[in-house]
Each structure stands twice: as C-alpha cells, then as structure tokens.
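Sharing a structure here in structure tokens format.
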Amino acid sequence: MRHESKILKDNPLGDKHIRDLIVYLPPNYDEDKQFPVVYCLTGFTGRGKMFLNDSAFTPNLAERLDKLIGDETIKPMIAVMPDCFTHYGGSQYINSSATGNYEDYLTQEIIPFVDENFGTINDKNSRAVMGKSSGGYGALVMATRHANLFGLACSTSGDAYFEFCYFPGIVEGFRAFKGDAKALIEKFWREDARKGKDDFAALNTIGMSACYSPNENSELGFDLPFDLATGEIREEVWARWLEHDPVRLVEKSVENLKSLKLLYIDAGIRDEFHLDLGARILCKRLKDFDIPHIHEEFDDGHFNISYRQNRSLELISDTFKE
Amino acid sequence: MRHESKILKDNPLGDKHIRDLIVYLPPNYDEDKQFPVVYCLTGFTGRGKMFLNDSAFTPNLAERLDKLIGDETIKPMIAVMPDCFTHYGGSQYINSSATGNYEDYLTQEIIPFVDENFGTINDKNSRAVMGKSSGGYGALVMATRHANLFGLACSTSGDAYFEFCYFPGIVEGFRAFKGDAKALIEKFWREDARKGKDDFAALNTIGMSACYSPNENSELGFDLPFDLATGEIREEVWARWLEHDPVRLVEKSVENLKSLKLLYIDAGIRDEFHLDLGARILCKRLKDFDIPHIHEEFDDGHFNISYRQNRSLELISDTFKE
Amino acid sequence: MRHESKILKDNPLGDKHIRDLIVYLPPNYDEDKQFPVVYCLTGFTGRGKMFLNDSAFTPNLAERLDKLIGDETIKPMIAVMPDCFTHYGGSQYINSSATGNYEDYLTQEIIPFVDENFGTINDKNSRAVMGKSSGGYGALVMATRHANLFGLACSTSGDAYFEFCYFPGIVEGFRAFKGDAKALIEKFWREDARKGKDDFAALNTIGMSACYSPNENSELGFDLPFDLATGEIREEVWARWLEHDPVRLVEKSVENLKSLKLLYIDAGIRDEFHLDLGARILCKRLKDFDIPHIHEEFDDGHFNISYRQNRSLELISDTFKE
Amino acid sequence: MRHESKILKDNPLGDKHIRDLIVYLPPNYDEDKQFPVVYCLTGFTGRGKMFLNDSAFTPNLAERLDKLIGDETIKPMIAVMPDCFTHYGGSQYINSSATGNYEDYLTQEIIPFVDENFGTINDKNSRAVMGKSSGGYGALVMATRHANLFGLACSTSGDAYFEFCYFPGIVEGFRAFKGDAKALIEKFWREDARKGKDDFAALNTIGMSACYSPNENSELGFDLPFDLATGEIREEVWARWLEHDPVRLVEKSVENLKSLKLLYIDAGIRDEFHLDLGARILCKRLKDFDIPHIHEEFDDGHFNISYRQNRSLELISDTFKE
C-alpha cells in the first residue's frame, strides 16, 4: 500500500515522502469485520518491507502470522509494518530537525490512515506496538509518550541504558570517521565500497546523533558526541542523548506506563549490545515506580532472533480485549 | 508465478514440487515482443525469491535491472530466478539421488515453461545464466553440460578447486557434527537453536555431500567425506566430490565450453572461501585448453557483493546477439 | 637481586614482600663509575622479570640494551625492572588499601636501594622512568607526583582517558563476573581453567577497582564500578576512578610536569584500548597548560610493540645530562 | 650451559652452532648420584630457554618441576631443554638440507653431552622425551626412529594428520606470501613490521616446507607445496610432507613403537589446529598395529596449556624404572 505523507514532505534529508506501507491482513479478513492491530517496528537500517524478506530456514513475519493464526495460537489480527527509514539508516521513531518528524508521522498519519482504510478496532486496547532493537526502542517511545494510542507495547532487545548499548560503539567506530562524518555516510551509499565493523559502528553513531542531538545550526545538521580530532566526549552532547534513554524516560512517563495493559520487555543474555543489561536496568526503574511489566531473558544474542516475535505476539493476543 | 514440477515430485527430501518461479519483466515488456533471458541462480541456502529481498543500502535484483535498463546501460531482458532450494540448503543445480534432479528440473522443465509463457527469444545465444557462489557453480555446470541451452555464462565467486573452497570448511565444521549429522540438519530447522560458524560449515558439508556423494544405500542418503568418530578423510568419498569440481570438469567439456559466446569468471581477492584462487586455477585450465573466457578480480570478499551483478549483466547485454 | 620490603610487609593480599629486583648493568659497568638509571615498568599482569623473557624474533630488554649501547646508539645506563605485581594482576604503581603501597615501595625503597647498591648518578635528571600500558601509566604517575625523583618520563600506550580505555572493557567483562568477583579471581589462579576474552576484561576491571576504588569496609576490599546484578554503573565509584585518570591529573600537577626535562608520550594508532586517543587528549591538556612534551603516533596496535622501547631509550639517552 | 655443535656448524641458514642448553637439576641434585632425564621439546618458534620464561599466573617449567618434586608427586629428575630453533622458526627436530641436521644434533650430540656432564642414568628406560605441538611431533619422531635412546615419549597436541593440522593453514596463509616467500621471512625478522594471523600461517608453511620438502636445487632451499601464483597444490611436494606425518610413520616404526615403556598422547578437544583429531587418527593406527599407548583428551585448546606438562611428567615419573 502506498501512503503519501504531509509530515515527511520536504524532510531535511530529502528522503521520499511517498512510501510503501505494508499491511498484513489475516486469512479470514473481511472489510466488514473489525480486527485488532499490531504495529511492527524494524531495527536500525530496517523498514517495514524487510519483514517480508524471504529467508532459508526462518519464516518471514507474514508467514509467521499465517501460521500462528492458522494454529489458533493467536487471534486474527492486522499487522502494520511502517517505513521510518532515513538516509542515515533510521529515525528511532522520534521527531528530529535532522531527519524528520517520524514520531508524528507514525502517530498522526499512519494510525488514522490504517483505521480509515482497514477493518480495525480503533481503540488503544486493541492497538499494540512491538519491535526489536531500535524497533523495541520505538515501542518504548510509544509506550512512554503515546499510551493514549497504544495500550500494549513489547520491546525485544530495545535500545536502553545508552552507556552500555551506544557508548562502546562510539569508541569502536571513532576511527572509521577519519575526521569526516559526511564521507562515511556517502560510503554506505556506494555499493562497491567495502564496509567493516567499525564503519557500521560509526554509522550507528551518526544515526543516533541525528535523532538524539540534532542541531540546525551545525553543518551536518546534528552534533556528534565526540571531538572528531581527539575523540574526546562532548559531555553536553552526550547529556542530550541520555535524555532519550528509556531508563531515564521512565520517571517522566509514570502515568502513561501505568496505563498500559501490556508492557513486555525481553532480551537475549548474550546480546552483543548489552541490551539484556539495558532491559534489567529499565525493569528495575519500572519496579521502583511500581509500573506493571513482564521481563524475560532468553539464551541468545542480538541477531537472528525473529522467533522471539512469537512470544510478543502471543502476549499481545492474550491481552487484546475480547 | 507458480510452476508444478513433475521431476521434483516425490523428491527424496519431501521438498515441495510446486514452487514460486520469479520472473522479472523489463519495463517495456510486451507479450508480442521477444526478449533475451538471463537465468539468475542463488548461492547455497538461497532461492529465487531472495533476489527480491529488500535491503537498506543496496537495490534488489529487480530494482537493479530497472535501473540498468532505464539507464540504457543494458538492453531490456527478462530475468528468471528459479528456486532450487532443498531441505539441506541447496542442490548445486545438479541431479542427485539424495536431493532430487534439479539439473533436469532447470533444463527440462523451467526453460521450456518460461519460453512457453513469456515473450522470449528461444535461442541459446539469447539465453544466459549467471550466479554467485553456488549459483556461480550452477552457471559453470550449465556451461559445461548444457551449452546447447545457454550460450552465455557468468560465474561470480563460483565454487571451484574444492581443496580450497570446501576442505578447510570440512575440518572447521567437523566438531559441530558431534557424531550425528541428522541432529545437525534438524538444528537448522529449529528457529530458536543458536547456530555458530561451525554449524554453518557443517551444514555446507552436508549439503555438498548430498549433491556430490549421494548413496542410496546409506542411512543418510549420502556419504560424508570423513569418519564421524575421528574425522579421518574417506578418500574414496572425497574423490567423488572432486569429480564435480569445475577445475576437473574443464577437460571433459572442452567442446561445450568453446562453443560459448561468453564465459565470464570473476571473484574477490579477499574471498573467505578462497574462490579467487579457485577462479585463477580454473582459468589456468581454460587457458591450457584454449577456451576463450574473461577473468576478472575485484577488491572485496565473498559477501555483500551483489553490485558485481552489474558487471555480469553488462557483459551479457553486450554479448546477446542483435 | 633480592630486596626485602618493609612497605609491602603484611600487604592486604598476602603477596610476598621479598621480591626479585632485576637490575641490568651495561657492558662496561664498573662499581667505581657512575651511570644514569632508567626504571622500566611493565604493564598489567607483568613484573620486572618478564622483561628478560626469551622470544623468537624479538630481543628481550637486556639484549636490546646490549645492542643499543654496543652500537653507541644510546649511552651506557643501568636499567631497573621492579616487580609491582599483585594477586589481582598489578598495582598501577600507586598506593591502595586493597593491594599495598606500591607507589611508596617504588619511590621510598627501590630507588634508595638501587642508589646504595649500584654505581648510579643519584640525581633526578639522571633518573628516568618508562613503561608501556599500565607501565606507561606508572611513568605518568611518577611524572605527576614524583618529579623530584624522576626528571624524565616516557609513556608508551599509557592508560589515559578512562572512558575509552576502561569503560568498554567494564561492559565487555561484565558477564564474566556471573555475580561473583572472587570466583573470577580464583579462576585466574587455577591453571587449568580456560579463560576467555571476557575473563581478561573482568580481571582488568577488578585490578583497576582495587587500585582506584579501594574500600576497606567492603567484603572484597574494593568497590566495583557497577552493580553486580544489573551492570548499572555506580557513578560515585566511577568518579573515584576518574580522579586517577592522567587526563585529569594534569591540572593538579602542572609544576611537576613543567619541571621535567623529558616528557614523551606515544601510542599506536590501532591501539585496542584506544590509548592513542587517550594520548591525544592527554597531550591536548598538556598543551592547554603549556607543558613541554613530545607526542608521537606509530602505525601499530597495543601488543607486540616492544620495539618502541628503542625510541624511548634514545630520547632518554639524549636527554640525560652530560 | 653452552654447547658447541659440530653438526650444526655451517648450517645452511647461518644459525649459530654454539647454543645455550638449559639443564634443570632437581633440588637434591648431587654429582655423585644418578638421575633419570626428561628431554623437553618446545613448539614451533620456541627454544629451550622459553621454558623458563616468567608468566603472571602460570609457573615456568623449572618452578613446576620444583613444585612437583618438592611435593613428591614425581621422582627427582633432570630436565633438558634443547634449542633447535632456526631462522625459519624451527626444525621439527629432524634433519633437513634446508635448515640443518637437528635430529642428529639432538641424538648424537646433546644426549652424550648431557650424560657426560651430569649425573644421569644413561639408559633408555630412564630417558624420556616430551613436548607440545611441534615439540610433541619431535617426541613422536624420537619414539619412531630413536627408541634405542628414548624409552618413554609423551606428545601433547603433537603435529599429526597433516591434512587437518597444516592444510587449512596453507590455504589461510597463501595470500600473505604475495608471491615472495623470502620477503615474508624477512618480515618476521623486522621488529616493527606488523604481522597478522595470515603471516603466521604463512611462516608455518615455510617452516614446514623447509623441514619436510627441502630441495637443494631450488632458490629458497625448499619447495613450497603450492604454486605461488595461483595457489594450486603441488601434489608431489605435498606427498613429501605426508611421508613425515606421524599417522603415516606408524607402519614403518612398529617395532620401535612397541619397544617403548611409555607412549602417551593427549590433545585438547578445542585444538585450533585440530590436533585432537590428529591424535585420534594416530591412536587408531597404533591400535591397528597393537602398539600399547595411552590416549587422553582434555577440555581446552592449543594454547596456554602448560599445566598439561604435569600429566606427562607424572606418567614419566611413574614409568621410570626403579
């Protein structure tokens, strides 16, 4: 499905504002019936369409839903897979003067559009959001700021406790910059340029800078959290990042978080970005504020864990109101 | 497009015989016109559909063709992306009592089916085959045994010189077997089982054994090239593998290879499976037999090199007869 | 040579107080002559004796000195290689209630002992200190706090800017603790226990905690900079670490640092602990305070760089007063 | 101790013929008593002196022997640590026109020299040989060809089944040659040249070529087992290597091997060079020929396993005749 966005029109990166919106309809879909909806958010460098990518040994999300609904493991539901990708690799599903207003795009355009065009139950307790990695982060953003729209939120390996999930990558990726952030971005858009592990770490730092520390007055449009010559951390920029850390967002969002019917947080105990520790620290905060939630850990890392979607989908299905 | 295969019906692995056949049609496609055709073969653990997978920074094959044809960099052509995947990860595009007759499937069913259903030029000099890795191997198989069907063949990083591309992996993967090849295959079909580098090496050994050393009288349906207890190489099994090595196929296929209008072989000089060396040795054999060919090397490894498809497509386009 | 220490007697870890002191004497050594002295400090998990370890392709420090002095590349000098090793892997050459008073040991016992027993020039401008990694850190400690004893200091890849050299290792090593720091230390003292990369990162965190955040009232004798259950950083402990960071020591030691006849800082631009960045940031601070120093970078990593000793020794030799 | 060798005089690599011979004497050593002797052989790139290297958490061989003898875990014995290092990294303890006659050096010079100068029991059943890696290989060479001198032999992770322990390294190291084997050797002798994993694999291939396929008529003094341009294996050279494989030596040495009082073979089940598989295959051959031996496996890799010396020393001690 195509959707033409007003909010993304003239976005600062020149990314397209007419985008594919992937909508999965359950096998028994019928325009006259109403179904609950789950919004599925991809990780950094992802976009909705990738949920449909074919893979040798693993079902894609549509195949997975067909199976779970066919099995009656979960209730029939609509799944929406939006595209919040940007030239820098992603948007973290938040508004930024450096990338565009993707938080508004999702909450003010996509949700109404879906509710208008499909047989949905337009109610927060029949609307869930789930995602992995930056998609899990997006789910947490929705839970903390848009609990009026989403009554259920599941974050798998969602970005949290930025000291652990981002800081080491800032250090690792520093050398890839070679003093020129622009050249690094361009490298990613040249197909035949070989990219190493450090380049990906650097791209991640750029992507997060664009989301967390935009700066309309800087040449790049955002501030990097370190000095390009020595690597020294710019504490004031880093502090702006931390304001976006879910661990820090909890105290500002207690009422919203308490209003959720489902708040599910899981992560693998071998997560390469230490997001299991982020999840532990986040859940400690939730507990400190008496916010109901479910916390689980599983024996795996950060990658190739789409099978964990089953767990989120089952909890969502169980929680959707009858 | 769906195709129902008679050849794959009742195949030994119980893999489905009704399969998606991906056919790309150029922008100006018209049933009444006739277009040349390129068959695009995926690597091990791949199937045609994956050529259409979405990726952050890289166009998929359809987007790439749209761009190249739109640019007039290449002539309009049809591209066919068959599915020769199996329960063991692949078929190497050859017949085997352990997996099924995928060589026949491709040459006796898919080609006629395409020619019947699409506006193709049914002529070997308007029919090319290209692929990477095991897909490059498949292209070489077509070139050596089916030059009557394919007049153009391009192999990027195609499996060759098995001592280098497979032997180290046999050693590396040995421990993953833990004495039980079946259990290892099953592990790949369990989503939540963590797979390490050695597991993939072992799966590759299984896949190649099923293709190169099938044995209807063995419990597994094929012979492994080593003893499961000690790892000692079974020389007679390994010798059966070597019979399928393109480096060894050259001398049996001189006339076929000489008849080709295009034989293009390239590989990256950092190929993790040493396929650049395989390509060098293969091209040395071709030279020894005065077989015309183009040999190129590029500064990259085995993975994330789909941009090399451009080079093959351009050579194919230039060679297709007017 | 053996030295019996009063300062290390009854140290908290029960490490021995009678230790080998390695003293290199130049080929023309003669008790009646007087020679300048260089103190050579090892890195973490090292001790003086290891400078004499035999290696296939690389001279040990005695062989290196023989060669450089024989060549007349450097002046004849005495080299002292003290043992400041502890049960936790090292002492950082500072006083700590958790390990012992190694700073006092070196400055109050070893130096007088050497001057009494060997033909030294007992003058700060004829006494240098050099080292790599934690040994470089030790040299910086001497330069900032004991410039009355050492007039020359050379730090190769010395620990600096703890955010970069230690913080990622804290994160990486967290899992190795499994909630029990004592068990991890014991593991290192069991020969047949396999140690992985994370174990070494964890040992390093323990060693540095014992040096930088000792706590006589805690069970371990020191505070770890993170919570053992969640990994969350204990900011007050981390702040204690930072007080020991050379980058932060500069402003407290300006007069001492300005009094040095040689302050040399180098590091490899591929340093696995980012100590080249630490060196850059440190040298920026030195510059900000108008402290004379020499800063060099070389194209190598953190390990197998003993050839860099030549550069330090040559600068020391050139600077020793006539 | 210094020993001047006639056999090594004028060796083809210009390596020195006057060498340190390390001889460990037990605490109660007395010239008038007679002790059994164990010869300890280092791995590739090692020499006797390195057994005395100091290490943070692990005793060196002299400290280990002091402890085991002090404990009465083993009988008092002399330990001899010869130096069979060469410019190419080692000699495999065999004669070669490319490196020198190290097998003769050890058996015809070192043994008599030790027996003349120390209080030894000059009897094969009081003379053992042990070693790790190439040192284990050396022990197997002594067991197969010099059972008249050594009645006990222990190989830990000894080179065996060359297809697994050397072949993958030949492939891995190929690129490091860049067509010039000499330049690669020189690189190892330049301290400040960075050496990667592939360089070490290439050095190993050179070292083994010099030992197993020397050729007085070639420019290098030996034949490499592959073509420097394409990497293609030179089968006739590889066949010469295989003649030196312990797995192949068994059948030629049955009487010698049967005459041993102790033949002990162990390896770690995570050996990076697959020497546990080599050991399994070797022991299968020994069993086929009814040769008594002890075979053990342990849960570790190839490196940092000097604690396994205890097991060999204990078996040796138990076997030395009263």
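Labels for the chains are A, B, C and D, by order of writing; each one numbers its residues from 1.
Here, a contact is a pair of C-beta atoms (placed from the backbone, for glycine too) under 8 Å apart; a residue touches a chain by one contact, two chains touch by 3 or more.
Source: prediction; values computed, not measured.
Note on chain placement: the centre of subunit B and the centre of subunit C lie 56 Å apart, centres being C-alpha means. Averaged C-alpha coordinates put the centre of subunit B at 45 Å from the centre of subunit D. Measuring from the averaged C-alpha position of subunit A to that of subunit B gives a distance of 36 Å.
If each chain is drawn as a node and touching chains are joined, the picture is one closed loop, every chain linked to exactly two others.
Pairs of chains in mutual contact: A-B, A-C, B-D, C-D.
Interface residues of subunit D facing subunit C in the complex, by the touch rule stated above, are 45-47, 49-50, 52-58, 85, 89, 188-189, 191-192, 194-195, 298-301, 304, 306-307.
Residues 161, 163-164, 167-168, 171-172, 174-175, 229-233, 269, 274, 277, 280-281, 284 of subunit C are the ones that touch subunit A when the two sit in their complex.
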